[in-house]
Amino acid sequence: MKPIIRTEDLGKYFGEMAAVHAVNLNVQQGLFTSVIGPNGAGKTTLINLLSGYLLPDTGRIFFRDTEITRWEPHRRVKIGISRSFQVMNIFPRMTVFQNILLAVLSRLNKNSNPFSSLKSQKAAVEEAEKILNEVWLWKEKDHPASQISHGDQRLLELGIAVATDPQLCFLDEPSSGMNPIERIKVLELVKKLAAERKTTFVIVEHDMDVVFSLSDRIVVMNRGKILAEGKPDEIRGNQEVRDIYLGEEI
Amino acid sequence: MKKLALLLLVVLLGLLPLFVGKYTLYMTIHIMLLSLFSLGFNLLLGYTGLLSFGQAGFFAVGAYACAKILLAAPSLLLGILGGVAVAGVISLLLGLLSIRHTRIYFSMLTLCFGMMIFSLAWKWRDMTGGDDGLVGIPRAPLEVPGLFRINMTPMENYYYVVLVFTILAVYLFYRIVHSPLGLTLQGIRDSETRAACVGISVRNYRLISFTIAGLYAGLAGALLPPLESTVTPPVAHWSHSAEPVLATLLGGIYTFAGPIVGAALFYILKDIIVRFTEYWLICLGVIVLVLVMGFRGGVVSMFYGKGGQR
Amino acid sequence: MTARKKISRRAFLKAATAAGIGGMTWGLRGVSEAAPQKAKPKKKILGVDVIKIGGQGVTSGAHADYGWQILAGSTLAIEEINAKGGVLGSKLEMKFMDEELKPAVAVKNARYLATDWGAHLLFGVDSSGSSMAVGPVLPELDRICMFVHASTHRLTEELVAGKGIKQIFRISVPVYQESILSSLIFKEFPNIKRWAGIHCDYEYGYSVWALFQDTLKKYRPDVEFVSIAWAPFWTMDFSSHIAAVMAANPDAIHATPWAGEGVMLLRQALMLGVFDKVQAWFQCMGGSVDLLEGISREVAGGKFKDKLWATARYIHNYPDTPENKKFVANFRKRWNRLPNYSAETAYSTIYVFKAAVEKTRSLKTAELIKAIEGMEIMTPGGKRFFRPEDHQAVYNVPAGRVVMDPNYPIPVLGDLKVLPAKSYYRHPPFEAITFKK
Amino acid sequence: METLAFQGLVGLSVAMYLWLLAAGLTIVFGVLGVLNFAHGSLFMLGAYFAFTFYGLWGINFWLAIALSLLAVGVVGYLMERLFLRHIYHLDHAYQLLLTFGFILIFDDAVKMVWGGVAKIPAMPSFFEGTFSVFGRLFPFYNAFIIGSGLLVAVVLWLLFEKTWWGRMVRASASDREMASAIGVNIPTLFTGVFVLGAMLAALGGALGTPVRVVAPGIGAAMIIQAFIITVIGGLGNLKGAFVGAVIVGLLSAYGILLFPVFELFLIFVTMAVVLIVRPKGLFGG
């Protein structure tokens, strides 16, 4: 199978500290991939590099066959890469609906239309409403995004991320700050979206149970390097992985 | 209901010349100019999240360009539209330099560019007449050759011209901020990174916003010379850039009508305070302090309760 | 000197309240009125109880003293006239506003005074820019405006003689004074061959420097103009300018910065030892009271070595006439300070208005214009004649050395060089002055 | 050649006032992240206080300067404690607007207290006179200004590089959370820094009084230059402020000498060029 995204010895260094070092990553189309590892392993940095939020110091990034190493984020979105953020990142002053609509408009390249009213953007509106339903936010539709519950805000961010109809979507701890029930809910949703939208998801997640139940493939990072990579079972069996998690039950 | 109130306001403004004196009319024109000026400014601050302290520069470009045209070819329409166009071009160019920066850097840059235009107006005497400025600018007739020709000498007539331009510009602005473009700009204001990660080129849209703001400043500027028959460098000075800032803050940053209401308040306040004390600046300063410390929503949002986008 | 200023200020405030300048008590900015005494006149030839006069000048910022002097001079005249029963039975009333050196503000003021407050006559305006902005509006307002300080030749040469805006009059002498007069004086100094200029970086400085060079060159082909430095408004430090022109070893320096900036320039020139090098320094508006006050310490100390020359649009120790003596005395009695030129021009303006109204027995602008055109009138500054062609008052002011005089608390102009006004005025038809910067 | 050298020397003395002004501005921004629009007004206040103590009350020159620093320090303290402190969390726009409000207030306040007419205090006698350099006469006072400017530069360097307080300041400048984590009392520190900045501005103003005039609006007239300097040097960068000030001072000095017509413009052009080449300024990170 062809990798949807691939890196060649990718590196990012903050002064002495190697946040990401010599990473050769291969994400296969359609495989639900999780990136795990202890804090400071470089998971978020990696995603920032892949989504163009940071530029790498060394190495190259390929989306399918196009090199996108130094592309700006918005260009990567246009070829089908999307992401959510670890720290809540939505449009707080706009309504929930507008949050989604903006992303949809962007996908339809309608942003620059200066005169037509939002309602008149039929196609966009319909799709936005569809997504609102998919992420269970229909009833919150008209509330300012800053006013809805934290759980809903995470859902909203997920909604924004998929609203650009990506082929590849990075989710940085989509369930952070949620209680166990919500957590399951969100990850179930992610799985559902993956199935329905044929989107390849790459998530960073701490909840091992979830990770191992959900993922087709797991990438373990430590100190900026890829420690291990493989199917959940292979990872379970991996001694090094056990070591860094200090025998924590996995 | 809201529509009715609007209609009433328009009618009122339309009938104004019948029952107020020359001076009130003159002040009303100035209020309308400041409203346009502030609307454009607020597209940057309220809708795109960029505080420009150099808008007077583009106001001046519009004013000088219009004046130049009127002195060369006495056609009001030509002058005004020409002024707007030139202001648009200049703001596009300076925008390219400015939008690479955000937040405080942006504010300082715009401030410095504004002052650059000021010193240009002061220095480039062959073009601008130096500190004496351009004088004897005719209030040329409103004319479309072969169609119509309206004499502008009585101020009432010019008042109506300004009124029409204002109404059109305000309506246009309403459409813009409630369009996908408007939503996009608000997205950038709310979260630059998020906007970028849904595929929006933040820079390009900042540039668009900056240019539109420049166009509005230019329009306000272009309407000035026919009224005053002179243009002088102070219109480009940063203390003039501060007027839309104050007006917008006064009226409310995150409201559509804020800048307009603020503009009216600003002039009324100033005109009244000035008559009672020479220290109107200090009053203004205190007002600013109070607004920033206490009422960031501005006047308009007080009516709406929460100052949401309207 | 500061002590004196404080006294004069307090005295002014007292007086101001006495004169009913209500708004003024908290300083000089904004609106002020010299309200008429209650006594109602019996017959009303003009059909009005009061003749309303709207004035404006800079009463804020670094040049505030000029506006104050305009206000003080006109207030004095109005009080004198009202005390004698007013003009044709109508009392005079004044509203005075701050032009802030901003043309837009000056125009707004003019419009307010004429159309809202109902002024019959307008006067004042300090800055050239403001005068050029107010002038073109006057026809629309249908009011006369007597300019008492703004000094750009363009006001009368272009707007009146050129564009024919008849409502403009000017009672003060324009840039001819400092530029042409000074060149006529210094052509008599054979060993001053190398001139340098430190001039305001705006129209005023440009035209003065240009006229000075043109005229001097005519009489003295041998002089050179060796260097020039331009100083914009709000120049805080002239060291660089002074050093730059001194690098060319000039014999003399011609300078326009005025008010506070003029004082600063002269003090910094002293610091840099300029007066040990040059033979003369001509400070164009150095005869202005505020500037003389500012440097009196140094003059008393002989720091300028009698090399400092100056003129003004009027100087309190000239002419030696009863009118002038009376004016200066009354002014000092009233305000506890010496009158600056803008005080005299404002004072005389009120009397010109009086004469014009009494002549036409009406307040119609068109008739008043005719009355003032060609008018000859005796004023503290000497006999003034209003040229019909450009509405410019012709009168004579000498230039001289800045020296101390026992009769006055501050320096005066001594060793006066008196030339007939005709010789240093420009005369219609005017050809535009070409600036070579 | 000598002409150029001498002009440079004069330009340097002018640059030092700008340096004192820009230093405070850039320090405050670097640490508090607030661009103090009213910084020029503090400069003006410094001048007015110095004039009052020295020019009006005839207090000893040095003492007068010290007192004016103190007075402006108090003003700065109140500004920070009563106002700025409460809006650090807000968008930069509000901080800029707040300090802008202070410009309006200070400009009118000094008019109320000292009147609108320019004040002209005398030069302390021991500073009068000149000495000869490059065959020209150079005033002792300008030399003194250059000296004080350099001295302040050295002192600030020592303060930030060599003292505990300075290290704390630098730490909190680079990372507030981290700093407070290692036990820095951020609020007090911020107040301290703002007061320091205010005093630097005041020093610039106070040192100017004997040779300049004191009038309302001199602060607003200076602030634009200070902005340009910090933009050129890099916002929040002390070294940048110094270099920027020297550049601007020399540029205008040589501009006046060599191309009198474009002097004013040179500075803006320089700024534009710097921004195109190095958007964050010469020393900006």
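Brief remarks follow.
Think of it as A, B, C and D in the order they're written, each chain with its own count starting at 1.
By our rule, a contact is a pair of C-beta atoms (placed from the backbone, for glycine too) under 8 Å apart; a residue touches a chain by one contact, two chains touch by 3 or more.
Just so it is clear, the structure is predicted and the values come from calculations on it, not from any experiment.
Any chain that touches chain B and also touches chain D is listed here: C.
Hopping across touching chains, the smallest step count from chain A to chain B is 1. Ranking every chain by how far its Cα centroid lies from the centroid of chain A, the top place goes to C. Remark: the per-chain Cα centre closest to the mean position of all protein Cα atoms belongs to B. Should one ask which of B-C and C-D has more C-beta pairs in contact, the pair is C-D. Remark: chain C and chain D have CA centroids separated by 36 Å (rounded to whole angstrom).
For the pair chain A and chain D, the distance between C-alpha centroids works out to 48 Å. Centre-to-centre separation of chain A and chain C, using mean CA positions: 74 Å. Taken residue by residue, chain D touches two or more other chains at 111-112, 261, 264, whereas all remaining positions touch fewer. Across the assembly, chain B contributes residues 122, 278-279 that each touch 2 or more other chains. Multi-chain contact residues, meaning those touching two or more other chains, occur in chain C at positions 26-29, 59-60, 201, 232. Chain contacts in this assembly follow no simple pattern; the graph is neither a line, a ring, a star nor complete. This structure has the following touching chain pairs: A-B, B-C, B-D, C-D. Across the complex, chain A is touched by residues 175-176, 178-184, 186-187, 189-191, 193-202, 205, 208, 254, 308-309 of chain B. Per the touch definition, chain C reaches chain B in the complex via residues 23, 26-31, 59-60, 98, 102-104, 107-108, 111-112, 115-116, 128-129, 132-133, 135-137, 140, 152, 154, 158-159, 163, 201-203, 206, 232, 435. If you check the complex, the residues on chain D that touch chain B are 29, 33, 35, 83, 86-87, 90-94, 96-98, 100-105, 107-109, 111-112, 220, 224, 227-228, 230-231, 235, 261-262, 264-265, 268, 271-272, 275-276, 279-280. In the complex of the two chains, the chain B residues touching chain C come out as 21-24, 26, 122, 125, 130-133, 135-136, 153, 155, 228-230, 232, 234-235, 274-280. Partner chain B is touched in their complex by these residues of chain A: 51, 53, 72-74, 77-78, 82-83, 85, 89-94, 98, 101-103, 105-107, 110-118, 121, 124, 144, 160, 163-164.
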